[in-house]
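You will see subunit A twice below: alongside subunit B first, and alongside subunit C after that.
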Partner chain A sequence: MKQRAGQLNLAALRQLALLAAYAFGGLALVVWLLGLAASRTGGAVAGGAIDAQNNAITIALRTEPPQLDYGRATDSSSIVVLSHTIEGLLSYDDNMALIPGVAERYELREDGATFWLREDARWSNGEPVTAHDFVFAWRRVQDPATASAYAFIMYPVKNAEAINRGELPIESLGVRALGERVLEVEFERPTPYFDKLVAFVTFYPINEEFFASTNGRFGASANMLLYNGPYVMNEWVHSASMRWDRNPGYWGEHKGWLDTIHVGYITQDVNARLNLFKDGQIADTQLVPQMLGEAMERRWQIDRSMDGTVFFLQLNFREGRITTNRNFRKALLLAQDPVEFVYKALKEPSYLPAVSLFPFWVRGVDGYFRQEHPPPPHEYNVAKARQHLELARRELGLEEFPPLHFLADDSPIGAITSEYYQAVYARNLGLELRIDKQIFKQRLAKMDAGEFDIVASGWGPDYDDALTFGDLFSSWNLNNRGRYASAEMDAFIRVAQSELDPARRMKAFADIQQLVHDDVVIVPMYERGWSFVVDPQLKGFQRRAVGPEVDYSYAWIEERGGE
Partner chain B sequence: MGQGMAWYVLKRLLQGVLTVWFIATATFFAMHNVPGDPLLNDRAMTPAIRANLEARYGLDQPLFNQYLIYLGNLARGDFGVSFTQENREVNDIIREHFPVSATLGILAVLFAAVGGVLWGALTALYRNRLPDYVIMFLVILGISVPSFVIAALSQLGLVAVNNLAGRSVLPVAGWGTVFHMLTPALVLGMSTMAYLTRLMRSSMLEIIDSDFVRTARSKGVPPALIFSRHQLRNAILPVVTVLGPQIAAITTGGFVVELVFAIPGLGRFFVEAVQQLDYTVIMGTTVFYGAFLVFMVIVVDLLYGFIDPRVRLQ
Partner chain C sequence: MMHKAADFLPLGEQRDIHGISRPSLSYWQDAWLRLKANRRALVSLWLVIGLLLFTIAGPWLWRIDPAAQDVDQISLSPGFGRDALIVADYQPWDGSGAAGPLHVIGEANSQAVRLKWDALPGANGHRVYRNVFPVGPELAYGMPLAEFYNNATLHHEDRLDLRPGRYFYSVVALDGNGKVTDNYQSLEVDVRRVTTLADAMQRGLISEQSELAIGDSVKLRWHPLGTDYLGRDMLARLMAGARVSLFIGIVAPMLFVLFGVAFGATAGFLGGKADQFMMRFADFVVALPFLLFMILFKIAFGIGPGESGVMPMLVALVLLMWPATARLVRGQILQLREQGYVQASQLLGARKSYLVARHMLPNTFGVVLVTLTFEIPKAIFTEAFLSFIGMGVAPPTPSWGSMSNEGIATMLTTPHELIFPALFISVTVLAFNLLGDGLRDALDARMRNTG
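Then we have the complex of A and B:
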């Protein structure tokens, strides 16, 4: 019996092996066929991170750019792609200074601005970029039918807001083409920072004839755009890959030194991007705190830069909230220490403890704003905090403070933030925080509805001017989601908006900074930064605080010497 | 038989349509009940800007009207335009990205099925001996370790192999050639393979000593034939049963693998749409996947009749 079973087993095994052979043969065939099919949906890249021979690099993007119709774009991925391929009236150099773009010179006045366009700015179909292209694009942004979420950034232009509300025809917008090459802008109110605004994607030009030919699919694919920037997007496989080639028709020599930039990979997974970098497939990648140890072991040069955003606890000033009490807010400010939070809890070396509504890189009259107008230093003083808390308790006529509603993002950083402040306020003030973690859009919905006492939130810049932070707590700003309102603040902001003298204007920002501190409008937490690593052969790559978060337009490949 | 069969198919299809309608309705109202909406953004909107956007997307209509409009469009096969990828039709998103997920899924299922059947049969033949123990240990690992861990580890492994070899043996991530698919498909099919191995093993063990096998043996059927015709064919039935839903689950459940390996598949849209509250993409992918799942279950039920003559479809 045993022998027979063995015989059966042997025969069965032989049979199994035969089947396996068939199966693997079949699998190989299927794999090959699938491979043929997949080559049409991907965009396999050869050449690796740095391809010195072809002067090309390969990079990864965090997300698929959701909106390349720049009249409607709002997100950072789209801005990265657009800033490499399309150029507005002005742009930035590698030192964040404003430089000429399509406009070779301009003049700002109290009531408007004039831009003189260069002769040799060309679209990728050979047509010149004209003043009319700007008029068309700007009118389109304000057209209610376009439904541009960033239409507000153009509201300083005469009649823009009324047009956007549907109260005036789009032709009444305060922008005119005086011939092919002169653009005349009329302001709604004095706008001394208008030159900074026009570098933003919402102000980019559109060729009307081409736009009409896209049949409502403008920006939907690589051939549904015209390019006038240093690069031309020749290929775009959605969510997979892109190819940007140097634009031979670009007027300048100062940008676009690489011949080709491949976007070879699109994934939000930072670990996957790190693996691609280690494998030599992409030229740069972001490092999160857990990766820093390995990066140091590998002796990589770790670079740091600011991402521009300031994070703070925003307090609720709606009626009935405890946080309307100034002494209570003072207690919240004094009882915590952003330095400890950043270096002990977040452990992210690229972050800076925040002391002001204005991040350190904001420019003043000549140098940095905060060097010209230093913010009041942070005082971490628990005893003093408790005194203020006691005052607040008496003013509010409370026996005991009820638990506070603490709203935060449902993200790893949101978790660290809420746990840290929960512990700190419990230890130092005996306050109880009820943590309410929500995904991003639901947090915003709750902030708009005022369902919080304290919310951990941030604010990033739209343009390179102090006002992008400075007007946040005006009574009319809808992003002022704690609904802070004071006549004093509004008065300072009005000056900051329209004062033409730079020194007086910066003084207004200093007043805003002081008031935010004295009135405890926010509890500053940190200025967010990036730690990242770049292939040693790639030079001139930048991460920016304003504009595109990554910028390759000034990057070049250094030949490996003497190896 | 022929007419009965036609009736059966028709009945199942009608049930399927009803199920899909139910999925669409439930998703629609659940989605609109979540706080927040797709238009919310970091930058607060003036009432005018918000009204412009609402009008553009038809969100200014009462909810029930939106539902009716949605059903009308759905009946015509139009899923609408994405809220986050504002220039793309949901139909285009599905058309461009489902084939990627499907390719990966088919390959993963093939790996899983072939591996599962072979390993399962092997462990049954070697029951309670070393190969059995080794394979079953791996099976338990495959079932219990979540796919994001396996995906991350295998990617690290690829980096190590490539670094050692000094050239790119297999790509670390990306999509476009056969070589890009192998690792992710294997990772994606891993847990199913483990599951099928266990299933195959137990059903094989049940059959190996059954009466009809003994009868066949006693009447002198060659051992090879006994194995392939009597044992394997019977033991494989439960595997086929679970294969249908598994195909659907694998092709739709590749989110993590697609993210880690930077693959432009539909799974990413499915999950990211929920995070972004992208109404139209949530609806489109859910309804599409729902219909796909229902369809696969029907197909398996029909296939069953061919594989096992004892099963009569009614």
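Then we have the complex of A and C:
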């Protein structure tokens, strides 16, 4: 009996082994075939990261632009694509200085501005870019029917805010075309930084005739746009790839030196992008802290840049929230140390611990704003924080503090942030934080609805002026999602908006900075930056704080020596 | 041969008359014998017992708060305790110190490395780099730490995640446009691990009355399995995570198997229309999507963000997972109902309750036990999966699933953060499955005495 069973097992075993061998062989064949197929299609997309022969590069985008209608665009991917393919009145050079774009020259006055457009600026269908294109585009942004999220950025233009609220017809917007090539802007209030604003995508021109021909699909695909920038987008396979070619009709020689930029990959996965870079498939990639060890080992030349965004804990000032108590907010500020958070928990060499609402690179009168007006230093003092907490407890008449609703992003950084602050406030103040992790859109929705006590959020610059941060906590700004409202703050912001003397204007920003600290409107966490690597053959690539996150406009390929 | 009178007395009652060579064994004794012979099942049994001890007794022995963050020892790999030198409290530095080419001011330790240098020739600013390798001919300076766009600042204090060991610092000259040039200076720095008295006291490494002073050395908290990305002790977290995992893994199957048995037995015993109706209801429950109901329960329970989702998970498991057991038990009961001994018992006038209690249920017990041991790993896995996608426990409470999710981000640099929780999930699930396998063989009456 035993013997027979054993024989049976042996036979079965042999059969099993054979089957396994077949399965394994089959699998290997399938993998090989798939690899073959992938290499075929991959080859069609691009010829590696740097293709010196065709003067082309391949890059990856983090996310797919939802659409490229620049009147409504808000996300960084859209801004990257648009700033390579379309040009506004002015643009930035490779050292972040304003240079002429469609406008040859301009004049800023207290009550308005005049832009003289160049003759040779053309759309990709050969039509000239005219002053009417700007008037049409700007009116469209303020049209309530467009529902542009960035309409507020144009509020310095006369009547813009009223039009956006539907109180005035769009024709009353303070912008006029004096002939084909002169654009006349009338201000609502003095706006000394208006030249910096017009480099932003919301101010880009639109050819009215072409717009009408798109039947509401403007910006939905590559042929639903007209281009006037250094590159033309000739191909856009949604969620997969894009191709930007040099625009032969572009007026200038100063940018757009590559013949072709392939956006070969669109992926949010940093590890996937790192692997693509290692395989020589893309020209640059971002490095997160846990990749830096490998990057050093591979002897890459690691670079770094500030991203421009400041991250902070925003507190809720809506009625009924504990965070309306100033002593409580003071305790929150004193009981934590952004230095420890950035250097120990996040371990990001490209981040800076934040001390102010204004990042360090914001310009002042002559140099940096923060050198001219140093922010109040951060004090990490647990004993003092506990005293303030005790005061707050008595003022609020509470026996014990209820758990706090802590809203954060559903991302790796969001997880570290929320769990770090949860432990810090539990240890130092005995407070309980309930973590609510949400995807970006949902977090914004909850911030709008006020469903939080503390939210970890950030604010990035839209234009290169201190006001892009300074007016964040005005009572009328919808991005002030904690609904902080104080007459003092509003008064400072009014000065910062319309004061023409730069020194007095910067003094107003310094007052804002001080008030944000004294009133604990936010608990600053960090100024975000990027560590990244670029293919050594690609020169002139930039990561920017203001404008497009990545900029290939001034990039060129350096031929390898000896080849 | 002479016989005594006593030889002719009648024999008493003889028990051993048939000469039974083996001891009589009950069903359970026999099953236990066969389970003992099954080495795999036995090892699994010990593993399960070990896990239960780890979960219940572990936190009594390893008294470390699983939520406590040791920011000086973040993402530490498993190993022995580390010593640290006690130094004075950190004082901000204004960049004062002797001038000269790139050099360290004061002592280089894990608190801070203070660098100072003279402006490089032709520099319009500098960038400071740190590397773990020497700068080679590739000019790989390492990771950039800071840049200064003028020559006014010629010092930098590095406090970024300093670990004991050797670092290579470089300052590189920037040109007028702020671009990096090939002009650099490099310095080798050995960093010591230090802590301060205040820190050591706060972390409970030394008592308030301790006589340790600056310059003495203190043993840092020992993390045998290392720490996670926020410096939390892995061992303590694994123990705390085991509580959640095993709580769901054992309580949920117990409840729904119990319900399934009652439901299946009733259906099978009643038979006919009632049976049809009850089993169609079970089919209906099978068709309900688990994840959706889990979310619905979470909302229905009024569980806000940041609160534990373990209770709705338990309810969802109990309400949706019982039909498999119910079907099994019903089939068994239908079969048993027609057995000869049941009919005999009926003929002898046994009441229904007696039939069920004496004949039906004990005979299904083996099947039920086997189902239970197979449902436990399933439930553990479900919990791990739900916590992995963020539906389960709320931070800072750990569970093996959420720990795996956190560990994935640093899989390549600090693999222990993923490997340990993943290992625990795998071993637990495997142990319960093998034990179930062994029990099935052991409890199968047809396998009796064939070993």
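Following the convention adopted for this analysis, the second predicted complex is superposed on the first by the 518 of 563 C-alpha atoms of A that agree within 3 Å, B and C clash if a C-alpha of one lies under 4 Å from a C-alpha of the other, contacts with A are read in each partner's own complex, and residues count from 1 in each chain.
Rule of thumb we're sticking to: contacts are C-beta pairs under 8 Å (C-beta built on N, C-alpha and C of every residue); 3 or more make two chains touch, one makes a residue touch a chain.
Predicted model only: the values in this text are computed from it and were never measured.
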{"item": "Touching partner for A:302 - first (subunit B), second (subunit C), both, neither", "value": "second"}
{"item": "Partner chain in contact with A:272 - subunit B first, subunit C second, else both or neither", "value": "first"}
{"item": "Partner chain(s) touched by A:181 [first = subunit B, second = subunit C, both, neither]", "value": "neither"}
{"item": "First, second, both or neither for A:370, with subunit B first and subunit C second", "value": "neither"}
{"item": "Of subunit C and subunit B, partner touching more subunit A residues", "value": "B"}
{"item": "Touching partner for A:507 - first (subunit B), second (subunit C), both, neither", "value": "neither"}
{"item": "First, second, both or neither for A:150, with subunit B first and subunit C second", "value": "first"}
{"item": "First, second, both or neither for A:437, with subunit B first and subunit C second", "value": "second"}
{"item": "Footprint overlap on subunit A, where subunit B in one structure and subunit C in the other make contact", "value": "438"}
{"item": "Subunit A-touching residues of subunit C, taken from the complex the two chains share", "value": "67-69, 71-72, 74, 129-133, 136, 138-145, 147, 159-161, 177-178, 180, 229-231, 304-307, 390, 394-396, 406, 409-410, 412-414"}
{"item": "Complex interface listing, subunit B residues touching subunit A", "value": "34-46, 48-49, 51-53, 55-56, 84-88, 93, 96-97, 99-100, 103, 106-107, 110-111, 114, 118, 121-122, 125, 152, 155-156, 158-159, 162-163, 168, 171-178, 180-182, 217, 222-224, 226-228, 231-232, 259-264, 268-269, 275-277"}
{"item": "Residue ranges of subunit A touching subunit C (in the complex, touch as defined)", "value": "94-95, 290, 292-297, 299-304, 339-340, 343-345, 347, 349-350, 403, 405-407, 410, 412, 415-416, 418-420, 422-424, 426-427, 433-438, 531"}
{"item": "Subunit A to subunit B touching residues, read off their complex", "value": "4, 7-16, 19-20, 23-24, 26-27, 30-32, 34-35, 37-39, 41-45, 48, 60, 64, 66-69, 72, 74, 144-152, 161, 164-166, 217-220, 237-241, 264-269, 271-272, 275-276, 278-279, 281, 438-442, 444-446, 448, 460, 462, 477-479, 481"}
